[in-house]
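Following: one structure in structure tokens, then a few remarks.
Per-chain residue numbering starts at 1, and chain names A, B, C, D, E and F are given in the order in which the chains are listed.
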Amino acid sequence: MESSTVQSTRKIKRTQTGIVGLDEALNGGMPESTICVVSGGPGSGKTMLSCEFLYKGAVQFNETGIYVSLGERRDDFFQNALNFGWDFAALEKKGQFGFVDLSYESLVNFWISPQGNDYTYESEVNEGIQQTNPLNSEGSYYTIYQNFINQVMDMIKTLDAKRVVIDPINSLTLIFPSDFHRRREFLRIFNILRESKCTTLLLSELAEDKRFTVEEFIASGVIRLSYKNSRDIMSRRLVIQKMRGTPFNEKILSMRITTNGIELIGETLGFE
Amino acid sequence: MESSTVQSTRKIKRTQTGIVGLDEALNGGMPESTICVVSGGPGSGKTMLSCEFLYKGAVQFNETGIYVSLGERRDDFFQNALNFGWDFAALEKKGQFGFVDLSYESLVNFWISPQGNDYTYESEVNEGIQQTNPLNSEGSYYTIYQNFINQVMDMIKTLDAKRVVIDPINSLTLIFPSDFHRRREFLRIFNILRESKCTTLLLSELAEDKRFTVEEFIASGVIRLSYKNSRDIMSRRLVIQKMRGTPFNEKILSMRITTNGIELIGETLGFE
Amino acid sequence: MESSTVQSTRKIKRTQTGIVGLDEALNGGMPESTICVVSGGPGSGKTMLSCEFLYKGAVQFNETGIYVSLGERRDDFFQNALNFGWDFAALEKKGQFGFVDLSYESLVNFWISPQGNDYTYESEVNEGIQQTNPLNSEGSYYTIYQNFINQVMDMIKTLDAKRVVIDPINSLTLIFPSDFHRRREFLRIFNILRESKCTTLLLSELAEDKRFTVEEFIASGVIRLSYKNSRDIMSRRLVIQKMRGTPFNEKILSMRITTNGIELIGETLGFE
Amino acid sequence: MESSTVQSTRKIKRTQTGIVGLDEALNGGMPESTICVVSGGPGSGKTMLSCEFLYKGAVQFNETGIYVSLGERRDDFFQNALNFGWDFAALEKKGQFGFVDLSYESLVNFWISPQGNDYTYESEVNEGIQQTNPLNSEGSYYTIYQNFINQVMDMIKTLDAKRVVIDPINSLTLIFPSDFHRRREFLRIFNILRESKCTTLLLSELAEDKRFTVEEFIASGVIRLSYKNSRDIMSRRLVIQKMRGTPFNEKILSMRITTNGIELIGETLGFE
Amino acid sequence: MESSTVQSTRKIKRTQTGIVGLDEALNGGMPESTICVVSGGPGSGKTMLSCEFLYKGAVQFNETGIYVSLGERRDDFFQNALNFGWDFAALEKKGQFGFVDLSYESLVNFWISPQGNDYTYESEVNEGIQQTNPLNSEGSYYTIYQNFINQVMDMIKTLDAKRVVIDPINSLTLIFPSDFHRRREFLRIFNILRESKCTTLLLSELAEDKRFTVEEFIASGVIRLSYKNSRDIMSRRLVIQKMRGTPFNEKILSMRITTNGIELIGETLGFE
Amino acid sequence: MESSTVQSTRKIKRTQTGIVGLDEALNGGMPESTICVVSGGPGSGKTMLSCEFLYKGAVQFNETGIYVSLGERRDDFFQNALNFGWDFAALEKKGQFGFVDLSYESLVNFWISPQGNDYTYESEVNEGIQQTNPLNSEGSYYTIYQNFINQVMDMIKTLDAKRVVIDPINSLTLIFPSDFHRRREFLRIFNILRESKCTTLLLSELAEDKRFTVEEFIASGVIRLSYKNSRDIMSRRLVIQKMRGTPFNEKILSMRITTNGIELIGETLGFE
């Protein structure tokens, strides 16, 4: 690589992850406004990577971040992060962190019942379920999805956030009635997030590690994590599958989870 | 790993399994309130592991446990456990164990017929079966699922239980009309169980060992068991795929079933 | 394994198979009332194993057995068994064997036409076939399945049978309109058979040898047979995948079919 | 194997195939009345094996055979066989062979149009196609299938045939509206053929060689042929997967097609 | 192989392909009237092989051929062939070649709109699409398919053609409403082509190279081409999977595309 | 290869890609009017290859190109290209480049709402979604697809473009109601593009690298890119799967992404 072009690429604004070895592998960090899918199986470290991204963002780089939970409860999130010494409650008080709670308690009110009470279940019983996806029978997924976007964007504006994590996007995928809608709606939210200048991690639960998802194709970055049997040993791996706008390390990187967070291991973590 | 952080993680409340080698591999046990999916094929040792978890819980750690059976009959459960010297009948008398019987005899009354008689079959005959899942045609799965949750929570409160086993969750999965409901309802019961401070094992029948299920993604712990042909020898393995809130041994562990229960084998079972 | 616990497990009542090597591998036989799925491809030896189980049961252990055929004709069954010197006709006369004929001639009358005549076909022609599974269009599978259970239980009571073979359960599976019914109805018949104290073999045709079926998960025993290409040689294998209530040999066992029946081969067939 | 039992099995009536090496591998031939599925991919030799079975049957063993074609035309069958020096036309004149023509010309009249004219197509156009399988929309597959059975049985009785080939059974499979009907109807025709004392080969087109079909499970014999890439060399194999009522060679046998017909190759072709 | 029988097979009429090495591998060529499926992935050489078959047929063996295009445009066909020095335009003028244009421009008029104008699209818009396959909603595929057959047969008769190529048959497959129709209609056209004494190549696009198609089973010949990664090198292979009525080379043959056409490479290309 | 024929093939008009090594591998470039599918997973380099194709086309070969975006936003496209020193904005001003914006903002107006306002969502809510693909319920995909073609062709004519990139064609695929339409409509647009004499790259997102798509079969060229784990190292590969009208390098080519663009690496990149 010629030094002149490297310099030109170094001029772009970057979002540093703060994760040991990852910024080196990204040639300094993700380009600002990157939408990056982080995918992997259960226990592969997706949530931990995104927590560290938000915590280091606030503490080391003074960038406010928000965590949009489509599954985990607020209390569990804060408690699990504490195990690594990451005190998000303290950050929240200082206005450096926001938690958008779309976990079950809120989902049941928000997604299904605009009235916010438990009787939606009863109404399902009375009306019967005519279609596999209840959203279809209630008219459209659109109201729900638009509300989701509004909540996320409101929090971003309120806190002037620069970093966003949505965990997991599979919960969103379930509300789209077809692949056509899935592609269209992900393109829409990706563009909204890019215009906000936020660097975003989208966590994706990956049932198998061979197929790619539509989100991975339309995102500007893809990082794949794995934790699995490799020659009778369980091992952790991280691969940068795609990162638009920057050179990056194209090797398969070994990953370790310590009580301080994630470490990428290797002699040369920088791109070559 | 630095000793200071290890100490901090040791301060969390843990639920010891009492299984030889497993608590070492979990750095002292599962964090309290963990929802852990235990998955594997037939004969992989799921039920045995959960029995030992409940029995040792009562006898060694003085914690009451309940077993929610969605398949096996009460008598069979007690008899099979006796083969390992685990006398759950004695524990039950002392209030240290509860058996929630959602096996066939109760299912046929509970799931299908709110009136509790056998004529539900007849009514199916008369009315015909309009849809693949009969629950759809009867209005909704909601009444059934809510009753299931109520029964489990009542037993937990009555006995002040700290440990719960649900065996198998596949029976639940069959009553959900879509993947959307499956994710939503598992998130709901997971939260209810966490709030009760119970440490819970969810047994999952795994037809193939490659794909992950939605339950494994949303649970805080995943343990995978296997009993299968590996280089022309049948062997037992245990892998901790995920365990939030604690370091754990990331190796593939050999497992043996003796007449005393389960043993994990290996030189260093603790995390590293 | 400690000798004290081994002794305790030896006290349970066992059903010896009489098959060379199999009882050793089962630590003395299957626990009484075991429901054991025997699965394998065509030619793997399922029917032969179950014949020998019934014949040896009557001749060596004085236990009456019944064979519930959901496919093979009565005459073919008796003739094929004779090739191995097993004279079931003689046993039948002495009241030591019963054949429940649910083969085609009876199925066509029993399953489809309660009136017991061939005109059901004609009625199908006249009415047309509205659904893939004709049982659905006739109201319910329930009448058929309940009649099946009644016939089996009547024969068990009449002969005071201790051993039951149902061959193959795939024929039953085809009449269930959903996986929900399949699990529920197998749980029901399993419990009925257990209460009758019969030890039962359920023969299962296995199209592929990788996936497990719901019957294998809910049964108390699973034995898998194979006859296939292994490194360019056809070989027979038997694996005990699961057997509740007893220790068993966890090795892959070589199997041979001789004119005397089945032989398991190996230096140490007992459990270890 | 003890010699006494071998002698007893030799007493059964056998149908010799006349194919070089196959009768040895079958310990003298197939037991009379065997229904044997011969399965394999295109070019694996199914049709050739069945032609030789019929030709040698007539010439060497004086047994009349019939070929039921569900695809190939009469002229093509006779011509292809002539390449191997097998003159079926001569046999037919002597009453030693019968060809049941259910190839396209007859199918189009027989299956679709009872009136025997081309206007059935027009009527499809006018009425539209309401369902994927046209047989459903015309009432039932039953009339067609019963006519098929009648034609086959009439030819068997007329010629006093002892050998039957049906090529391919996949054409039949397509007319059954469900797996339930497929199992039931194959059980029915298998029993009718057994009662006629005919030894029957059912040719089955096998898209993949891993899965077993229901016909292979319910037949009394299964022979699998393959012609495929094995370590970068195309090779022909024959495996006897199942043969009730006789010991047989359980090895993978090499197969060669010469201008004289099929040859199985190997030092010891007999059973061991 | 004995020389006497080889001589007898040499007497059959053969259609020489003119392709270097292929006629040797076919023991002199395909038997006259063979219907041969040529299948493979994109770039495997199917179209080139069939072009050479037609061109050499006209120039070397004085046999007129026709190319039935169900995709490629007339101009592209002529241009691509010119790259190999094959001037089909010159042959067409001499009456030695015919191009049946069922490419898009003709398809859109012929298949969808009997009126031959673009407004069929509009009518789809107005009427809506009730079914996945528009042919169903317009009554029947029959008119379309019969017109296709008529066009092909008219060209054959007009030119007294001896060679036919249909490229690709996948376009036909898409118009059949079920597997039942697919088998029936391919049997019908195969018989029509055989009666015309034409030797026919049917080009089949093969998405994967493992499964066989129904056309491969009912054709009298199958040639499979591949161009793919084999041990990290791209290589071309040709395998004769089936060829009724002649011995053939059963080896995997290496294939090379030169600017003169196709070459099969190997020391002994003849059958053995 | 004989030199005379090589000369004749060199006479065809070629479109040079300008990519280091690719034109050599293509024997001088793609034949003019080639429709070439470029397929690969996320991060495999599809978009970069097509950008370089357009940029070098304008700068080095003075051929105007257009980029039809069915996903990426205009700004992102220009920005990402700038990282490699490719200034498309400057080209656009000079009339050497055109960007057809069918990204989300335009899609939402164009595809769904002919009125061009956001209320289409609302109307979906009010009317409900009756079918999986909303295009079906609105009458037909035809209007949308025809508008797409018109926009592309207008830009081609306006700029007298010689190079076209459509990224990705998967977005188109989602609007076709069946495989029948998919084949028909791709044949239609392919012919329109060929008549315009444009050389076209169609970018295809490939979920798995084993199956071929219908577009790859009907295109005149196919280039497959991969970026994946090969023996525990991530590596980039480029394979020319098909290229009508020219000899090409049939090897698996190593590919590198530098800050100057794509480089194919190897000693002999030319065809042999």
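Note that a residue touches a chain if its C-beta (ideal position, glycine included) is under 8 Å from a C-beta of that chain, and two chains touch if they have at least 3 such contacts.
As the structure is a prediction and not an experimental result, all values here were calculated from the model.
Under the contact definition, chain A and chain D share no contacting chain. Note on connectivity: the fewest chain-to-chain touch steps from chain D to chain F number 2. Where the sister copies chain C and chain D meet, the same residue numbers recur on both sides for under half of the interface positions. These two copies of the sequence, chain A and chain F, are related by a rotation of 60 degrees on CA atoms, to the nearest 5. Rounded to whole angstrom units, the spacing between the C-alpha centres of chain A and chain E is 51. If each chain is reduced to the centroid of its CA atoms, chain A and chain B end up 29 Å from each other. Between the Cα centres of chain B and chain E there is a gap of 58 Å.
By the touch criterion stated above, chain D contacts chain E in their complex at residues 41-43, 71, 73, 76, 79-80, 83-85, 103-105, 107-108, 111, 121-122, 124-126, 128-129, 132-135, 168, 170-171, 174-175, 205-208, 227, 229, 232-234, 236, 257-260. Within the complex, the chain B residues that touch chain A are 1-2, 5-6, 8-9, 12, 136, 139-140, 142-143, 146, 177-181, 183-184, 187-188, 190-191, 194, 210-212, 214, 216-220, 222, 239-247, 250-252.
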